[in-house]
Amino acid sequence: MKRITLLINCNDRKGIIASITSYIQQQNGNIVYIDQHVDREEELFFMRLECEFSKEIFLIEDFRKDFSETIAENFEMNWHLYNSDLKPKMALFVSKYEHCLYDILSRYSSGELEVEIPLIISNHPDLEHIAKSFNLPYYYIKVTKDNKVEAEDLQLKLLKEYQIDFIVLARYMQIVSSRLIEEYPNHIINIHHSFLPAFPGAKPYHSAFKRGVKIIGATSHYVTEDLDEGPIIEQDITRVTHTNTIKDFILKGKDLEKIVLSRAIKLHTKRKVMVYKNKTVVFI
Amino acid sequence: MKRITLLINCNDRKGIIASITSYIQQQNGNIVYIDQHVDREEELFFMRLECEFSKEIFLIEDFRKDFSETIAENFEMNWHLYNSDLKPKMALFVSKYEHCLYDILSRYSSGELEVEIPLIISNHPDLEHIAKSFNLPYYYIKVTKDNKVEAEDLQLKLLKEYQIDFIVLARYMQIVSSRLIEEYPNHIINIHHSFLPAFPGAKPYHSAFKRGVKIIGATSHYVTEDLDEGPIIEQDITRVTHTNTIKDFILKGKDLEKIVLSRAIKLHTKRKVMVYKNKTVVFI
Amino acid sequence: MKRITLLINCNDRKGIIASITSYIQQQNGNIVYIDQHVDREEELFFMRLECEFSKEIFLIEDFRKDFSETIAENFEMNWHLYNSDLKPKMALFVSKYEHCLYDILSRYSSGELEVEIPLIISNHPDLEHIAKSFNLPYYYIKVTKDNKVEAEDLQLKLLKEYQIDFIVLARYMQIVSSRLIEEYPNHIINIHHSFLPAFPGAKPYHSAFKRGVKIIGATSHYVTEDLDEGPIIEQDITRVTHTNTIKDFILKGKDLEKIVLSRAIKLHTKRKVMVYKNKTVVFI
Amino acid sequence: MKRITLLINCNDRKGIIASITSYIQQQNGNIVYIDQHVDREEELFFMRLECEFSKEIFLIEDFRKDFSETIAENFEMNWHLYNSDLKPKMALFVSKYEHCLYDILSRYSSGELEVEIPLIISNHPDLEHIAKSFNLPYYYIKVTKDNKVEAEDLQLKLLKEYQIDFIVLARYMQIVSSRLIEEYPNHIINIHHSFLPAFPGAKPYHSAFKRGVKIIGATSHYVTEDLDEGPIIEQDITRVTHTNTIKDFILKGKDLEKIVLSRAIKLHTKRKVMVYKNKTVVFI
């Protein structure tokens, strides 16, 4: 069997679901998963479909063309069609913190992530040994005030060369430029070490400590031009007390960051996230 | 608009979703919510649909008959059709603990629960004043070893008289008989004060304390013949430490019981729970 | 036995703990609970002690005087001595939301709170029936732009008349004035319906919905001049998804508000909270 | 400064705290941390102290002897004295699952764990490459029905040779023998992949799936003769739904196992856990 995933977004109208599901049936497809959401206020319709087709006769590009003409144009849909059997290609950007990198790579090596990781890019040489121990190429691209544009050129060249589908900033300590964001809209996943929108920007654990909060968090979101204000994919929290120092906040936070980032990666790779109005629909 | 809720369960087959959604469309219905689940191991299909129909022309009994003949028989479905505009009628069974009763009634009086509560039945007179303060009838039916059958007769008579759809045991300290369970299969909701299957039976907080657990829980489930072994609807937990006494366990547990039971009531009244193989599908 | 609670705060110095505990022993007291915290950065020492003394010979005012001269002055302590057998007197301020009021009063009536509630003050008449059903006096003091000072005079008069120790704003929809705050420093507990410092001010659920967060929270804190910026006593959170409307946020939030506020009340009444640098030490 | 940690347990008596703290002061020690617990039902007293002494004059063995004679014998204490500057030596036992091993070793290599790991012992050769990438010795000791005693001899020999203080079973798929348990009473930490006492024994995720629970858990406990019934150190949980397969349970569970086991290791290495009556006191 061949399996496809369809993500559909359009203005809400009567009969959308019936039209789509009937169409799939006419194409001799079998719907194995359907999930849908309507934002009533905005009158927007969202759908995620997984369908199976017989290997012998199904050609994904024919389906793409036919679905577009028969259904999508009619409803003026924004839509994406994915071959569920192809794993997306993910680039990892890191700096000096190793906890997220170790976590992602150990999940990757155990087969937990349905993804390919063709390369790791870093603005520091420090974590190369970890990449090596997992047999992954590690590109050290120094970024300074003066070489920003050249460094980005190099990054973009590598991303194209390796046909990267999306980027994960695994505690990459550098603000990503507009060029990269435009090249990968809603395809750059960041982990911010606070419970956004509380404590955006630098040193959130220090700010949380100073404010005396009883709970700290981590937030995974798509990167947009506005720092730490992109659409949130996943968040989680843990308790802290007056006995915890900033160092404790950081250690507890690391565990959150790992979990929250890996959940976001899984949701993205399974095409379960749809973005609109700077928010996400996350199907489960 | 008239709104209906459909719960469907049958063996998984190709084309079910398309058949149902097309049928709704042909009847000029609009699907406002669809959720579905397939248990691949058991090859079972589950679906929950909310549809709207024009007030002028829609007759629910006609729809019921036609859907049965056109669709349901074909797929050999177990199915239920609800008029979403009708609130189910819920009977509360209580004994001496007041926390769940207060919690449910204050939610009820604020309009949070989409339910009617025609009566409260108790095997103790203690909580009558609470019923009174919410202007609800309170039937004190003493249950002893000797009058069990008569007491049940009385309970069943009241449940019929008030056309009760489902029963909530809000810390009712009495084992419910087979007769009542047969009359209300998967329609009696209990709250058990432990994280089932840990600590079934009496005094779970005492057992949890003795075992030295670091987390306690509460479990809401449908009542079956096997004590505390019915299909679980909802669970939640809270942390405890060595500084907590049994009394603390009980107090912390009360907060859990209230939350977990009220969530289960809401899920049931919105017809979001389907039961199979002693488990539940809980649509959200 | 007579039981006292001591809260002590001073600069950290060698020998504090030994001095205090030896002193208690010399007075024939028995320490039944000791907890201590040192903020190493600020070099500040915090301690909470519960001690028992023989009923026959212990006079709390003699102890107060002697402890002050023998110990407290020497270490330049800020300290408070409480008779653990006296329940503090709590005033409830409410407006139109009933969920926190119901929750607190049902805990109160079941004996869960070690507190006396001599009166309820409200700027709206709506919730009087609830006060009545619990047999508690309800003072309706209308507050407008024009009568602010007179209304406060009335509030303060009542608080003094009833010898109120601390105030709980149970979703009181009015900003409390400097006069009240000065009269009750770190003795006015508010519940804010967001995960502070995210979403301070009005309509936090609307802001949270707009931002597309995946987790909402509630925060209980002492009221200071800076709105929603006082020392945090307790926080908790719950998950939300894209399927939740603002109305759902509000309903889920109500459950949080009740739990978080009642926990803060318990911590305060057991004298487990100490305030410094706009943060709290919360002993457990 | 030299720093020691004292764990004390005895029958509760008046004056214990004052006696201990005065003694420390007389020895020119500074108490930097004190925590205490009394089990009122059992009339048992527990205390954890951290004290600093001047480097020049403090000799730990002299202190040990003097404390024993002056204080401990008098109160008939069970007590332990640790040099806080010495890291305990931890042996890791693994089988085929790599997630806990990776997690522990990446924490270890980042300096998060205050512990030494002199060796890894396994009944399978599979994970040797991971040990290698962290430069740690990996001993593959095959265990069969026939060589059980010899395998244990070898294990015990290695544990002695490396002067191991405590053992962590990081998903070691083999029941540990009485000999090992006797040699390391309350010093063998296991991670069980369920929310004990629910689902002890083999395949807990399968049992949890079958029972239809809405929450799964993991439990870290000291190993005793009774399988999965030793004193619980730490537990945590995560939510599951009807959409999760057993494979999902296992994946979600892995994240729990890692977190719960690493927390238990930290608590143990900081000497924050005391065992009595098959329960733990866990100071924070």
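Each chain carries a letter (A, B, C and D) given by its place in the written order, and its residues are counted from 1.
The rule is simple: a residue touches a chain if its C-beta (ideal position, glycine included) is under 8 Å from a C-beta of that chain, and two chains touch if they have at least 3 such contacts.
Here the structure is a predicted model, which means the values were calculated and not measured.
Decide which interface, B-D or A-D, involves more C-beta pairs in contact, and give its chain pair.
The comparison resolves to B-D.
From chain C, which chain is the farthest off, judged by mean CA positions?
A
Distance-wise, how many Å sit between the C-alpha centres of chain A and chain D, to the nearest whole number?
Distance between chain centres: 37 Å.
Taking each chain's centre as the mean of its CA atoms, how far is chain B from chain D in angstrom?
42
Hey, what residues on chain D touch two or more of the other chains?
Residue numbers touching two or more other chains: 241, 243, 284.
Per the contact definition, I'd like the list of chain A residues that touch chain B in the complex.
Answer in residue numbers: 14-15, 17-19, 21-22, 24-25, 30-36, 38.
Please name which positions on chain A make contact with chain C in the complex.
Residues in contact with chain C: 37, 40, 195-199, 211-215, 217, 231-237, 241-243, 245, 277-282, 284.
What residues of chain C sit close enough to touch chain B in their complex?
98-99, 102-103, 106, 109-110, 112, 133, 241, 243, 251, 254-255, 259, 262, 284
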